[in-house]
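Two complexes are shown next, each including chain A; its partner changes from chain B in the first to chain C in the second.
== the complex of A and B ==
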C-alpha cells in the first residue's frame, strides 16, 4: 500500500509543525513524520520565555509554544501525524519510505517540507570519551524531558545561547555550574542570558578552551588554558578545575543527509552551520516541490524556524494547488524574517544567506550597530556603569518607583512593550532590534514588565533619601524562593555579596508564570547595585 | 596521553592518530577513510565525526573544506531490520 499525500513534512519540531499547520489550514492532505515519540522538537525543553516579536510567540515559554502549536495541529483533521517514525529514504519514483510501527511504509507525497533540524557539534580534546562528557542539548533532554539531574558540578564549554541557557537551567535544577568557557574574545549568545549567569556568580572565561578532561573512569575535572589572538595556547596559562561533568555547547550542524540523498543540491556555508540546501527565497530546493525550513536550512533561533516553517508550508500549498491567495501571508512572513535578521545579532545569518542568494535583497553589509559601547558587557556579561546610567531617570524621579531596563545589546525582541499597562515602554523607530526605552512620565513602577522580559533584564527601583533606604524588585526563577519578611543576601551583577536586605513583597501569581517578582528593602546606595538575592546560607557559586 | 589518542569517532572508537595516518597514506576523502577505519558507520552515522575528520583532511592536505564535506548519502538513514522491511510488504 502506498500512502498518498499532498504534502509530507519530515520533522516535528517548531519548523515542521508550523509547516504542517500552514499546509493543513489551506486544505492540503498532510502527513507529519517525527522520529521521536513526541512532537515539539527542541521547544519542549525550552523553559525560558522566547525572544522575538510579540506577534510570533515571543514572551511565551518554549514548552507552552509547543503545546499551543500541537493544539492547533490536532484541530486540523486533514493532517495525519506519525510519531516514532523515521524517514528512511527517497527514491527516484517519488516514493518516500519510513519506519513506522515496526513496518516499512511507503508514502507518495506531491510536495515535501524537510525540517529535520540539526545535531550538536563535538570537540576533539584529550579524554573526550570519558563518561560525564555531554552535549548541552543532551543535558537539557535529561533534565527537562526525563527529569534526571545529570551531575553535581558542571563545566560548560561554549557561550552561545545554548551554553548560556543550559547553564542557567542546570542551576535551576540544583546543579552547580563552575564556569562557562569560551574560545572567542566575546560572549556568543544574548548578553542578557550571560548577565543572568553572572549575577548567579558563574564566571564566564572568554579566550579560554578545554585541553583535556581529567579522570580515569569518569570526569573528575578539566584542564583549561588561555588562548591568544591567534587562538594559540598561551604558555603557562594552564589551569585545572574540578567538576563531574563537561557540557559541550559548541554549535550545531544542519542534519542534511536527506538532502544529498534526495538529490537536492547543497553547498557549504560556515555561517549557516555547514552543508545547507541551495534554495530560493521561498525555501524551495533545487528539486521542485521540495522545501526546507528551520535549522536544516541554516542554524538560527526557533523564532526564525517557526516563520520559515509556515513560509515553506504555504509555498507547498501554492505548489500543489496553485492557490495565489497565500501570497499575502508569504509576503508578510518574509518581512518578519527580514526584521528578525536585521540587527547586529543577525549579521552572521545575513552573511550566510548573502552567499546563498547572489542577487539577494538580504545584504551582508555590516549594519552600523549599537548606539552604545557595549564592549565590557560583551566580554564579561556585566554592563558598564555608563550603559546603566543611560537607563536611569533623573534624581528627583527616583523617589517614585521606576523601571530600569538593562537590555543593551540590539536583539530582536519586544515583549516588554506589550507587558506595560501604561504604554511606558517603547522601542525607538519601531525597529524590533533596538533596545527599549522607558518613558518615566508614564511609568508607575507597577512591576508588570519584570516577569514578562525573556532576558530577565528589567528591575524596578525606588529611593527614599530621607530615610537613606530604597527598594529594588527583581525577577527570580530559582526553587529556594524566600518568604516575605525574610532577611536575604543581596548579590551584585557579578554575583558577589553586597549585604543583606528584607523581602517586603513577592508577586508569584498566574501573571508572573513562575517568574517571581521579589522586592527587597535595603540601604539607598545598594539599590542600583542589587541584581539578585539568595536565601542566607545557600551559597552555590562558580569556583573558577 | 598523547594527542593522537583523542577519540574522533565515538561510535567506532577511531582515534585522531588513525585518521592522520590514513590521510598521510593518501586516503584523503571521507569516503575512503570511512571504508578503511569504519568511522561514521556506527549508530550516529557520522554526525559527530564527519566535521572533525573533514577538518583534519583540510589541515593536512590543504583541500577546501567545502569540497571535502560534500558526500553522498544513501538510504536507509536509520537502522531497519529485514523483518520490518518484509512486514511492510505484506500489506500490499
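== the complex of A and C ==
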C-alpha cells in the first residue's frame, strides 16, 4: 500500500513541527515523520529561556515551547504523525520509503520538507576516544531528559552558545564545571551566557585548547595549552587539570544524508556548518517541491529554525495548491528571519547565506557593534565598568529602586520590553538587535523584568546613603535556594566572594517560572558589585 | 546517578524494570534508553574498538556516532542510546575485533 500525502515532513524537531503546522493549517494532508519515539527534537532538552522576538516564543523555556508546538500539532486533524520511524530514501518514481515497526512503509508525497537537524562535530586530540568524552548534546540528553547526572567534574571545550548553555545546565544539575576552554581569542556565544557562568565562578579560558585527554579506561583529566595569535601552542604553557568528563561543544554539522541520497545538490559552506543543500530564499532545494528548514539548511539558533519551518511549510502549500494567500505570511516570516540575522552576531550566517542566493535582505556586510566597546566582555565574560556605568541612573535617582540591564552585546532579543508593566524598557529604533534601555522616570523597580530575561542580565538596585546600606535583586535558578532571613555569601561578576548579606525578599511564583528573584540587603558600596549569591557552605567553583 | 532534585525540571520516571548487561543485572525505568540506564549505573565503558581494543563509550546520544552499538536480545549493532530499555532485555557488548 502506498500512503498518499500533500506534504511529507522529515524530522519532528522545532523546524519540522512548525512546517507541519503551517502545512496542516493551510489544508494540506500532511505526514510528519520522526525517528525517535517523541517529538520536539532538541527543544525538549532546553531548560533555558529562548532569545529572539517575543512574537516567536522568546522568553519561554525550550521545553515549554516544545509542549506548545506539540499541542498545536495535535489539534490539526489533517496531520498524521509517525514517530519511531526512520526515513530511508526517496526514489525516481516519487516514492519515499520509511522504516516503521521493522516494516518498510511507502509514501507518495506531493511536496516535502526536510528538517533532519544536525549532529555534533568532533575534535582531534590525543585520547579523544576515551569513555567520558561526550558531545554536549549527549550530556544534555542524560541530565535534562532522563534526569541522570552525567559526571561529577566536567571540562567544557568550546564557548559557543551550546558550550555556555550546557555548562550552566550542568551546574543546575549539580555537576561541577571546572572551566570552559576556547581556542579563539573571544567568547563565541552570547556574552550574557558567559556572564552567567562567570558569576558562578566558572573560568573561561580563551586562546586555550585541549592537547590530550588523560586516562586509560575513562577520562581522569586533560592536558591544556595556550595558543598564540597564529593558533600555535605557546611553549611552556601546558597545564594539567583533573576532571571525569570532557564535553565537546565545538559546533554542529547538518545531517544531510537523505538530501544527498535524493539527489538534491549540496555545497560546502563553512559558515553554515559544512555540507548544506543548495536552496533558494524560499528554502526550496534543487528538486522542485522539496524544501529544507532548520539546522539542515544551515546551523543557526532554534528561533530561526521555527521561522524557517513555517516558511518551508507555507512554500509547500503554495507548491501543492498554488494558493497565493500565504504570500503575506511568507513575506512576514522572511522579515522576521532578516531581523534575527541583521546584527553583529548574525554576521556568520549572513555571510554563509550570501554564498547561496542573492536576496535583497541578505548581505555579507560586516556590522560592527557600535553601541558599546565590549572588548573586555568578549574576552572575559565580565563587562567593563564603563559599560556598566552607561546603564546606571543619576545618583539622586538611586535612592529609589531601578533596573540595571547588563546587556551590552547586540543580539536579537526583546522579551524584556514586554515584561515591563510600566513601559519603562525600550529598544532604540525598535531594532531587535540593539540593547535595551531603561527609562528611569517610568521604572518603579517592580522586579517584573528580572525573571523573563533569557540572559538573566537584569538586576534591580536601590541605595540608602544615610544608612550606608542598599539592596540588590538578582535572578536565581540553582538548587540550594536561600530563604528569607538567610545570611548568604555575596558573589561578584567573576564569582569571587565580596562579603555577606541578608535575604530580605524572595519572589518565586508562577510568573517567575522557577527563576527566583532574590533581594539581599548589604553595604552600599557592594550594591553594584553583587551579581550572585549562594548559601554559605555550598561553594563549588571552577578550579583552573 | 539519578538526579533527585533540579531547580527547573521534574523527572517523571516510569515503572522500575531490569535488564542484563554482559550478565549483570541493571535497574532501569520504563521510558529510559539502555544507555541512560547504564550511565545511571555508572557504566561508561561499552565496547572495545575493533583493532586496537581501545575502550568505547557514549558520545552523541542521538543515534548517529555508532560508538554505542551493542547486541540487544540477539540483534547486533543496536544503537543503545536511542533504544528504550525493556524488562528482561539481554544486552551484550560487541567486541567485533574478537571475531577476526
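As a working rule, the second predicted complex is superposed on the first by the 539 of 544 C-alpha atoms of A that agree within 3 Å, B and C clash if a C-alpha of one lies under 4 Å from a C-alpha of the other, contacts with A are read in each partner's own complex, and residues count from 1 in each chain.
Everything below uses one rule, namely that a contact is a pair of C-beta atoms (placed from the backbone, for glycine too) under 8 Å apart; a residue touches a chain by one contact, two chains touch by 3 or more.
Just so we're clear, the structure is a prediction, and the values are computed from it rather than from any experiment.
When both complexes are overlaid on chain A, the residue A:268 reaches chain B alone and has no touch with chain C.
When the shared chain is aligned, chain C comes close enough to touch A:172, but chain B does not. Look at A:505: by the touch rule set out above, it reaches neither chain B nor chain C. In the superposed model, A:255 makes contact with both chain B and chain C. Look at A:90: by the touch rule set out above, it reaches chain B but stays clear of chain C. Contacts of A:129 after superposition: both chain B and chain C are touched. When both complexes are overlaid on chain A, the residue A:99 reaches chain B alone and has no touch with chain C.
With both structures placed on the common chain, the touch criterion links A:147 to chain C but leaves chain B unconnected.
Judged by the touch definition given at the top, the superposed model places A:119 against both chain B and chain C. Once the two complexes are overlaid on chain A, the chain A residues touched by chain B in the first and by chain C in the second are 35, 119, 129, 255.
Within the complex, the chain C residues that touch chain A are 1-3, 5-9, 11, 13, 32-33, 36, 39-40, 44-46, 49, 54-65, 81-82, 84.
Chain A contributes residues 35-37, 47, 61, 63, 119-120, 129-135, 137-138, 141-150, 172-174, 217-218, 255, 477-479, 481, 514 to its touches with chain C in the complex. Chain A meets chain B in the complex at residues 1, 35, 86-91, 97, 99, 102-106, 119, 121-122, 124-129, 212, 253, 255, 257-258, 260-261, 266-268, 274-275.
Of all residues in chain B, those touching chain A in their complex are 1, 3, 5-8, 10, 13, 16, 44-45, 47-49, 51-52, 65-66, 69-78, 80, 83-85, 87-89, 91-92.
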